[in-house]
Every structure is written in structure tokens, then in C-alpha cells.
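The following blocks contain the structures, represented as C-alpha cells.
Shared chain: chain A. Partners: chain B in the first complex, chain C in the second.
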Partner chain A sequence: MGDFFNALGDIATNESAYRNAIIAAVVLMLAASGELVAEKAGTINISLEGMILGGAFAAAIGQHAFGSVWVGLLFAMLAGIVVAWVQANMSHRLPADQFVVGLVLNVLVLGVVGFLASEIEPETNIVGRVRIPLLADIPLFGPALFDQPWVLYLVYPVVPFVWWLVYRTRWGLEVRAVGEDPNAADVSGLHVNKLRRQTIYLAGLTAGLAGGYFLFARAGQFEDSLVGGRGYIAIAAVIFGGWTMKGTVGGCILFGLVGSFVLTIPSLGYESVDPAFLAMAPNVVTILAMAFFATRVRQPSALARPFLRGLK
Partner chain B sequence: MTQHDTIAGGDATSPPAIELIGITKRYGAVVACDDVHLAIRPGRIHGILGENGAGKSTLMKVLIGLVIPDAGEVRRHGTAIRINDPVAAAEHGIGMVHQHFSLVEPLTVWENVALGDVGRLDPRRVRARVGEISEQYGLEIDPDDRISDLPAGMRQRVEIIKCLRRDPEVLVFDEPTSVLSPAESEFLFNALRTVVERDGKAVALVSHRLGEVMAATDEITIMRDGRVVESLSTAEADARSLARAMVGREVSLRGDVIQTGSASDHVHRDRTAEVPVLRITDASARGRDGRVLLDRLSVDVHAGEIVGLAGVEGNGQRALGDVLSSLLALDSGRVEVESREIPTGRAGAMARAGVAIVPEDRHHSGCVLDFSVAENMFIADPERVARRGLMDRGEMARRAEALIDRFDISCAGPDAPMWSLSGGNQQRVVMARELSHDPRVLVAAQPTRGLDVGAIEYLSEQLRAAARGGVGILLISTELEEILDLSDRIVVIANGHIVGEMINADVDLERIGMLMTGAAAESGVPS
Partner chain C sequence: MSDLGTTSTTIDEERAEVVAQARERSRRGVTVEVIGLYVICISIALALAAILVAVTGGSWTAVYTAMLDGSIINSGRIGLTIGVATPILLVSLGTIVNGRAGLVNIGQEGQLVMGACFAAFAAARLDGPGPFVLVVAMLIGVVGGALWAGIAGVLRYWRNVPEVLSTLLLTTVAANLMGWGLRKEWLLLAPASGRANRNQVSEPLPDDTRIPRVTWFGNEFPISAIVAVLLAIVLAVVLGRSIIGFRLRMLGTNPGTAMRAGVAERRYGVAAMLVSGGFAGLAGGFMLAGGDFGNYQLVANFGAGIGFAGLLAALVARQRVLIVIFVAFVFGGLRTGSGFLRATGVSGRIADVVQGLLVLALLLPPAILYVRERRRALAATSARV
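Entry: the complex of A and B
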């Protein structure tokens, strides 16, 4: 264990540890930004995991078939929206229980892409790094933020755009109203379930993009274990962040940092630290962070409550 | 022959802005509205008076498109119109000021006002419009205040502004004073007068409170059992005949007691020397969001005494009820039952100590609608009808029958599902359960809310009988009439603190009003 704490010191000054942390945090941020909007409107969108996985697979197919990363990313977003379409209509039109729908979707997506991937075996590759001059020269953080595979830079416009949607547009105001008090929103003339469905489509879009990004920035090759619970961690980040964009991004960075540091330890020569312990550590940190810092006080009041017109 | 033909008075001849003709709405076998005619005229305040369940609210919901009638039509300036949803109603110049559920609490005033509009969101313009309206009608408010920080009176201003921003021709107010203090109500009616006289708007004011309808309206329509029983101008109305029309028989007005001030049936015994059955000392509690729920609240209830807790809704009554049902733990202070301290917030502790509770919302926490009458009677203490962990269904049915008899509950039997009972009978089941435990203390929170006059009389009598039998009763109510009618002693709550106390024999209405409002004034409402 002494090794472990020595290693932490080394890592804190290691550039590639930060680079890995940001790569890991960005997949969470992309997915969590859309999830934040869905939760603001009142849905805990468990199928986020499936959306990311579907996105990653579709991205692989897109690049495999058309040889273009852009087509891959487009496919990724479409795949996310397909999963979102099922989730949205099952839980905010029928309405089935959103958690059951989400869990079943995650299992279903895993089965479908696992099968298709073994049939098609798409061939893909990591995209190249693009160095942004001057900014990348900032010590320690510069390379992590500005010398990365170019798909990572998508996060810079996407997250602020989603924030702007929620807090600066009429649509965003309606979304927040619907998540806090659907009855009041209904009486004011808003279409509660339609708005909720729209937010899930947005979550599908950003989560699909997250999957495509992760394939091209980190994995290179599609595997069905590629997402590995990051969807759930992104949901945790939204809760950890107290349903604010700032907090959510903070949570993503924290969880990304922990995951990356743990991965970096062996490469720094600390072989004696048990790999099983390292694999577990990010999840332990997530749970501890949730236990100590997450508070449910500021959650949208109607979170996870279905809205049926005319019923109280 | 239509009812409104008979209306007399000032400009009662002016053509109505909105006319309801032959509106009928059925829910299964229940007729909520039966061939109702109503004319709402510009420049007039039209009171729609009736008891709970008389069909007033259904009628107003027809007007704003939340209920589609089975028969009849709505005319605007003589032309038939269709109103299928609130948006259509707004297009036809009809706006409703909702009492309970149209503001989103975590949003600010201007954000709430903007909800339901279309087009690009322009905060500056919405804020300016809020300022404009609030100046025009004297409804002072800061557009950037958060709704959750505002007291009821201010929230209602936001509702009114939200309604006025679309410049409606007809404004509908549904029980607007139910959460207001007397001073806030006065303010509201003054604002309404401005709206009506200056802009010639028409106002429909729905209420079950006779006094305020008499004071604030120009015309009155009285509804009973879904029908219009009388339409007249306010000038020629008198309280007693209105009450008779409303209820359908001669009633003793609770208001009589208030007006004459002679509550002679409440013979006050000085009990200060006796040990109270319930003593709450310096109780303080905060909500999870840090809001103060109770603030050093102290109150005693003696055996055989009814203590009425008066106050404007949302001043800590619910928290106090929660403490006494072991749902909420105190941050400081103590609760004693018969001189024994009872730990707060520990499930079942209060009930075991002999505190019975008739909760504020019987559907939410008073009973389980899908359970049978018998199951509801023994749900809190199934031990009494169980042997070695198994329910003795025969014993349960026998005891339930006895309670049904004793409390005169009208139902198909012990196995009848709770939802098949009327509200009054559901409340009797709750009362039967709580009183059958031989409690030392009975906490009755809004025990008659939503019930008809017959049920109210019955339940009031039950409370009196329980008190005569030596139970100490804490009556929590926002209906001042109810408090004055039943209580031996009255305490006034404001902001989670007891701000005043008096015995019923020398009750001073003005002082109670001041106490209830005095606290409201601190939060920015002029009194």
C-alpha cells in the first residue's frame, strides 16, 4: 500500500495521466450533458449506457463502410436517437416504468451489437492527435486539454451549447418547468410528455456521440465491453453535480481523473499494486463521492415520476 | 327560461362577455353540472357560491378547457365557441387564476410568467411586462424573486400577473382566498375591483365562503348538487337566505357566533393547574432545504379540551402534524404525553404513547384506497386482530362491523373497498380507527376539508364527544369558523411559532386576524 501512495505523488505530476483523465472525462461529459437535460425534465434515463454502446458500434459501422470518421459520428448520434426513441415513447407515451425500460434496453443493445459485431467485424482506428498551438504549451494541463485526438474537441462546443439550451432558451425554461412541476406546466399550456421525449432524444444524441468519440479517441476497435458502465457513471456524475452543468462537468472530471490515475500506476513501474484493487478503485471513489457530496435536495421535484394528464 | 334573465342590478343588462348555456357534465352516475346557465358580464364581479362538490369547480374547468362538457355551449359575445384546452381558452380571452398548482416553485417570477408563451425567450421584455402590469394594478413584485421564497399572497400576485399579461377579457378565480390571510384577501379584492372598474374586465369568483362573496361581488349565482339554485344581485342578498339556498335547509351559521361574539356554549374552565396530556415545549425543526418549519413552538393541550390552532396555510401546521405522527424529528425542544417525553421522528412512538391523528390529506396518509374498510381500520395496529402473526379475519370483521355501527359509516360492509366510500365516510373510517385506540390526544388536521355540511356536522360532534370523554384535542385548521365553532382555546401559528393565545369566550377576531397577518407583514405583505 505504501507503493500506492508514492505512486499517487508521481502521477500528480505526470502529463499522460492528465491526458488519459481528460479522454475518460470527455466521454462522461458528452453523455452526462444530455442526461442532465433528460433529468431536468424528469427522466432518469438509465438507457444512457445502451445509447453510448449503440453509438460506439454505429460509429464503427460508419467508418468501416464509408471510411469517414464524420460519417461514423453521424451514425453514432443516429444510433443514440434510435435507443432514445424506444425509451422516450415507452416511458412517456405508454407509459411503462422508465427504469425497467432503461434496464431492458441496455441488455438488448448489448445483445444486438454483440451479435452484429461478431458478424460484421468492423475495422476502425484511432484518429490522430491535433495540437492546438500556444494553448497546448500550458504546463501539465495544456497537452491534456489541447493536444488530443481531434474528436475530443467536440466537447468544447457541445457542453456549452447544451447549457445554453437549458438555461437560456424558452425550450430550456419549459424543460425545467416540466421536471419541477408537471401539473403547473400542463396548466400553463405546455406538452409535458412531448417535452420529456424531446429531452431523451437530446440525451440519445449526445450519448451516441460520446460512444462514437470513445471509439475514435481511445478504443480504436469496437468490442462489446467497450463502454463498461460509463453510462451509469455519467448518471452518477449528474447526481453528484447536483443537477447543474458545472457540477456535472466537475463530477465527470473527478471520475475521469480517478479512473486514469489508476490506469497509469502500473505504467510508472509500481507493479506491486494489485491490479484487481486498481480496477475497483474508481467505483469505490464514485460511491464514496456520492455518499459524502451528493445531495438530493436540489433534484428536480418530479424526477422519475410519470405524468398522466388529469390525475393528481 | 334561463336563470340569468332574472338578474337585476346596475349594468346587469349589458350583454355578457361569456355565457354558459345548459352546461351538463356527468362522471358516471354522478352529475357534476346539470343544465347550468351562467352569464358573466364586463365590469362586474360575479360570485359563484356553493359548498364543496356543488359543481362550481367543474363549471369553471369547462370555461378554461380542462373539462369538456357532455352538453351545452359556451358563447362569447353571443357566438358559440369551442374550448378544448387552456390554450384555446386563453385565445378566447379567458384566463384562470389557479390557486394551487400553476406556479413552478424553483423558477423565478418572470420565468413563471413567461411559461406557456411562444417565440424567442426575451427575459428583458418579460421583466418589463411584469413591471408594467404590477404598476398598473398595484401588484408590487420583484420579477427576479424565486417563487419558493414568496409567501402565499405574493404567489397569488404572480398568478394574477401571469393571467393578466395576455390581457384577458374574463378572469376566473377559483377559491382565491383559501391560502390567504384576511389582510391578503382584502388586498386581493381591492385589486380585483381595479381590474373590473378600470378595464371593464369580467371576473368570476368561485368560493364557498359566504362572507367574502357578499363583500366582494356584484352578482351571485348559488350552486347546489350541480344545479343553479339562485341568481341574484349582491345588493339584494342577505347572508341567511344565501346560506339556506347553498345548503338546501336552515342551518346555524358558524358566522353567527362570530358576528355576535357570543360563544356561550364554550364554558371555559381554567385548566392551567392541571397537567396537560400533550405538552410541546420549544419545538424547532428545519426542512431538508434548511427552511424553518417550526420555530420554538410551545403549546399545551389538557384532557377534555379542544385547542384550535389557527393560522394561514403553510405556516408550520403540516410540520406540527408530522411531528405528532412521528414523521418528523425535532432539532430541539420536546414533546410530552402525560408528562412522559416521547422521542420524535421514531416510527410509531407517538401512536404508542396515545397520540391519534386524523391527517391533513386522508388520501395521501390517512387511508389506503385499495384496501377494504376493515383493513383500513386495523392497518395501524393489526396486532389487535391477529394471533401469533396471523390475521384473524373473523375477529377483524366483527370489530369492523361494530365500528361501522358506532360511527354510522355508510358502506357495503367491512369488505367494501375504501375507494367506494364518499369522502365523508372515508373520514369517518379514519376517525373510527383513531378513536378506537382510546387515545389520550387526538390531532385533527383539517378534518372537514372537502366534506359536505352533513359530514362536517357529524365530525364536529364526534370531536366534541371525544373531548367530553376526556381526550385532549388539537384541532389544526385554516378555516377560522371551524376553529371558533369547536375550540375551547385558540392559539395562532405564524412562521412555525405560536404568536398568540386566547380563550374562545373572549375571542377577538380582529386580533386573530392581526396575529395571522402580523407575521405575513414581516415577509413583505402590506396589512
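Entry: the complex of A and C
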């Protein structure tokens, strides 16, 4: 046990561990910010995983074909929106169950992307680091936050922008109303399912971006195990954060830290820990975190409840 | 008077006949509409997959021919398909149970792996006559799967954790636990004498603890397939004709009513999760002892997506037990069929694409019909007003 705490101490003072943690946390943050909006409107968007994976693959194709990271990111967002389009229209125009649709989409995207990747084999590479002067000189956290692949800096505008959308615009107010009491929202003239579809498109956009970011910042080369359940952890982060942006970002950072610290443990010379436990640690921590915090927060009242006007 | 009476009867009869004819016509119309919708949706799904193959330079006719050959046409392949479909069917039976209770269990893959691990552990430790060991090991597999799903059930009802997420997250945990167990000789790893060096596999089941295989019309399959179909029938009766089934359905469709009618939400909900996981665990045990998945032993990545296939089969069959038997067979066929794809030079992953597209396509018709029905009903009410 002493060994374990020594390891924790070593990790807590290890700069590259923080750097990796932030890289891992940002993919969660980008995806979770859109997911938060969708959940605020009443959808648990399980297809987030598929959106991220689709985004990562499209980004790879974009860079492979056009040689530009920007085109890659654009493709990534489009791919996320395509997945979102299916999810939104099947669960909020037609009355298919949102979990069913989401799950099927995850399986389908994995199949399509795996198939295409084995046929095309896109070649991509990690983008270079850009150091932001002064800010990057802060000890310990500075390099993690401000000396990173430049795509990471996208998170700084995106997350506050999504927060602004939800909490400071008319649209955001309507979205929150739809998630709390769809019947009241409907009576006051809001188009409930249309608003819900829009939030899913937004989730697709940010999740696709998350996939593209992850490809360019960490993976470098596309493979179909790239996302590996991060979408589900992002959803858990929203629940952990009690459906607030602050809490969600906190959850993403926590899960990112866990995910990267377990990767750092062997490289610091603590090889006695079985890799299986390291691999499952993020999921276990996520489940435990939800078990401790999920009862203390209030979810949007109409979460995961489909809305049908009139007769039920 | 009597004249009048008879005329009015004939008029009534005539009217009744006209009404009956109209009803019959509309019923036939609706059936045609339903079948037509399904045919259209399935064709679109298959066409999309074909386009995907053609775009990437493959031959889609070769792909579909190979898949048909590999799943049903070549001799003996139907038996193989039945063997593969068996665990898929069991997993979907469990999914139907939790679906009836309004719970979304999507972690069958992990529950299946856990069941297989428990069964393998028990089979390697128990002494006694083979069939006895086999039965006990399968039951222990059921317990393993049930416990794994039970975690999610307990978290759902006592800690408010959505079971959608916890079941899924637990799947990865289960896979890693198996990987860990396969590195420890006191857990699952086979003794060094029984395996190639550094191979992480469990001890193969001895001959007499394997599930017996039968041959019908040149198709060989394990008798677990028959057990699975029998279980399906039992489940259909229990869900459709018993008080327990009724209460589960009530809990799923209207928890408020269920509460007022005295259905203990936690008890029935957790029980539904346990049963669901138990079916997945049994599927894992059958995969281990059935012989259609490797050499009667655990290997890395043992689940092979069977849990997810079973889940999808239940969703496609829209929670109806007897239809699920057919769907499970189709999904089993997609897997055995994909084994023949290597000859065509197209990646075997196209089978996953076909499966996903098919599921998505099969979700559409009921949804479309529902919307149309509602629109008609609304139009009818507004016309009356």
C-alpha cells in the first residue's frame, strides 16, 4: 500500500502526467459540453460514442485527402452532425426509443468506420505543439494547459460558448424549459421535438470535433479502438457534474486525470500493478463517482422521456 | 309488422356485411402496407451496404453470395449458424425481461463474459461425473451474469445511477477482469502443462463436460440450442400469461400505476436485472461448453460481440419472444456468413455494417406506422368535433 501512495506522490508531481491528463480531459470536455445541452433538453444521447468515432474517422479522411488539419476538423464536425441527424430524427421525429437508436448507431458507426478504415487506411499525423508565452511558464499546470498541440486550444472558446448558448440566450432558456416540462413548453408555443433535435445536432458537432481533436492531438493514426468508451465516460461526466457546465468540466478533468495517471504508473517504475486493473480504473472510478454523486443532484425532469403531443 | 321486421333485419345484415367488407379491405390494406414498409426498409439497408462495398472496389454480389453460402446454403452451415445463434437468442431473452420492466440493460457483453468466467472457474474445480459438473457450471455461469447485472440494478435503485451507463461501463471492467484472471493460475489460467507457453487461455473442458452435439439432416449443433428455444417458450408464457409478467409490464409501461397497484419497484426491477444478466451468463456458459466458439476454453476477447448481437436482436424483435428466435438465427447467419468473406477480398467487417443497417432499418417501420396511426386518429377526432 505504501508503494501505491509513493506512486500517487510521484504522479502528482509529474509534469507529463498532467499534460496527458489535460489531453484526455479535453476530448471528454468537448464531447460532454454538447451532451450537456442535449441532456438539458431531455435526451440521453448514447450515440455520443459513435459521433466521436465518426468524427475521428472523418478527420482522418479529411487530412488524408486534403492534407489540412482544418479540413479534417471540418469533416469531423460534419460526420458528428450526420450521426446526430439520424439519432435526432429517429428518436425525436419518429417515436423510436432514444437508447435503442443511440446504441444501434454506435454499433453501426463502429462497423462502417472499421470497414472503411480497413479498405482506405488513411494516413495522418499529430499536429505540433504551440507554446503560449508566459502562461506556459506557470509551474506544473502551465505546460499542461498552454504548451500543447494547438488543436487543444479549441476547447477554450468552445466550452464557454456552449455555456453562453445554454444559460444566456433565449434559445438556451427554451432548451432548458423543454427538458424540465415539455408539456408546459409545448403549450407556450415551443416546438419541443424541434428544439431537442437542435440540441442533438449541437452535441454531434462538438462530439465530432472531439473526435477530430483526439486524432490530431493524441492518436496520430486512426484505429477503430481509438475512442474506446470515452463517449460513455463523457455522458457519465455530465451526470457526475449534476447537469451544470462547471460540474461537467470538473468531472471531465477528474476522469481525464484518472485515465492518464493509470497510464503513467508503469512508466514510473511501478510495474507490479496488473495492466487489467489500470485499464478498468477509469470505468470503475466513473461508476463510483456516479454512485456517490448521482443522488445529490437533480436531473432535468423530463430526461429520457419522449414527448408526444396530445394523446398518449 | 313482421314484414317491416324482416326488412330491417336484412338492412341491418346488409349494413353489417358492408361494414365487415370494408374492415376486411382496410385490414388487408394495412397488412400490405406493413409488409411493404418492411420490404422497402430492408432493401434500402441492403442496398446501402452494397453501395459501400461497391464504392470501396469490392463486388457486392460476391459479398452477398458468400454470406448466404456461409450461413445457410453450403452443407452443414445451418448447424453452425444454429450453434452461433444459441447464445445470441439467450442474451436477447434476458434483454426482453429487463425491457418489459422498463430498464435499459446494454451491458450483456460483460455479463456474458462474467458468466463464462464463473462457469470456466467452476468447471475446472468441480469433481464428479461430467454431466453433473456441466449442469452445475452452467448454473454458476448464470449466477455470474446475474451478479454482474445486479450491480447495475442496485446502483440504479439505491444510488440513482442510470443503468444505461453503468451496465455499459461494467462491460469493459468485466473484459479486463477476465484478462486478469487469465494471467493467474489460481483463477482461470490453464496449468502450464496444458497450453503453449505464454498463451493466456483457460483449461479446455474435458470431453464429458461438454454440451452433447446432435446431427439433424447433416447439420450438427449442440443441444443447448434446443434448451434455448424451450427457455424462449417458457419465457413467452411467463411474460404473457402470468402475474409476474403482468407486473413487470406494468412497471415498464407506467411505474406510477405499478406503485399504486402494489408492485414493489425495487424488488421487481432488480429481479428483472438479475434475470436479464442470468440469461447473458447462461449464454456465456453455453458458448464455453457448446463448441461453436473456439476450443471449449476462455481466450482473450472471448465475448466476440455476441452480447451486443443479442441485444440488437431483442431490439429488432421489439421485445417479442417468439420473433426473437428468428432474428437471432438471422444474426447468427450474419456471423457465420462473414466467415466466407475472406475469399471475396472484402473485409469481414462488412457483416457488422449489414447488421447495424438492418437493425436501423427494422426500427423504422413500426415508428412510421405509429406516427401515421396517430395522425389518422387525430384527423378522425377533429372530423367528429
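One rule holds for everything that comes next: the second predicted complex is superposed on the first by the 307 of 312 C-alpha atoms of A that agree within 3 Å, B and C clash if a C-alpha of one lies under 4 Å from a C-alpha of the other, contacts with A are read in each partner's own complex, and residues count from 1 in each chain.
Basically, a contact is a pair of C-beta atoms (placed from the backbone, for glycine too) under 8 Å apart; a residue touches a chain by one contact, two chains touch by 3 or more.
What you see is a predicted model; the values in this text were computed from it and never measured.
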Checklist entry - Looking at chain A, which partner touches more of its residues: chain C or chain B? => result C
Next on the checklist: With both complexes overlaid on chain A, does A:185 touch chain B (first), chain C (second), both or neither?
Outcome noted: first
Checklist entry - Touching A:169, do we find chain B (first), chain C (second), both, or neither? => result first
Next on the checklist: One more residue to check, A:283. First (chain B), second (chain C), both or neither?
Outcome noted: second
Item to check | Which superposed partner A:294 touches (first chain B, second chain C, both, neither) | outcome: second
Checklist entry - Between chain B (first) and chain C (second), which, if any, makes contact with A:85: first, second, both or neither? => result neither
Next on the checklist: Looking at A:274, would you say it contacts chain B, chain C, both, or neither? Reply first, second, both or neither.
Outcome noted: second
Next on the checklist: With both complexes overlaid on chain A, does A:141 touch chain B (first), chain C (second), both or neither?
Outcome noted: neither
Checklist outcome for this item: Dual-contact residues of chain A, meaning touching chain B and chain C, are none
Checklist outcome for this item: Given the complex, residues on chain A that touch chain C span 44, 46, 86, 90, 94-96, 99-101, 103-105, 107-112, 114-116, 118-120, 229, 232-233, 235-236, 239, 274, 276-277, 279-280, 283-284, 286-287, 290-292, 294-295, 304, 308, 310-311
Checklist entry - Which residues, counting only chain B, touch chain A once they are in their complex? => result 66, 85-87, 90, 98, 101-107, 111, 114-121, 162, 288-289
Checklist entry - Once bound in the complex, which stretches of chain C touch chain A? => result 52, 56-58, 104, 106, 155, 159-162, 164-166, 168-170, 172-173, 176-177, 179-180, 183, 308, 311-312, 315, 347, 349-350, 352-353, 355-357, 359-360, 363-364, 367-368, 370-371, 374, 377-378
Checklist entry - Once bound in the complex, which stretches of chain A touch chain B? => result 168-170, 173-174, 176-177, 180-181, 183-185, 187-190, 297, 301
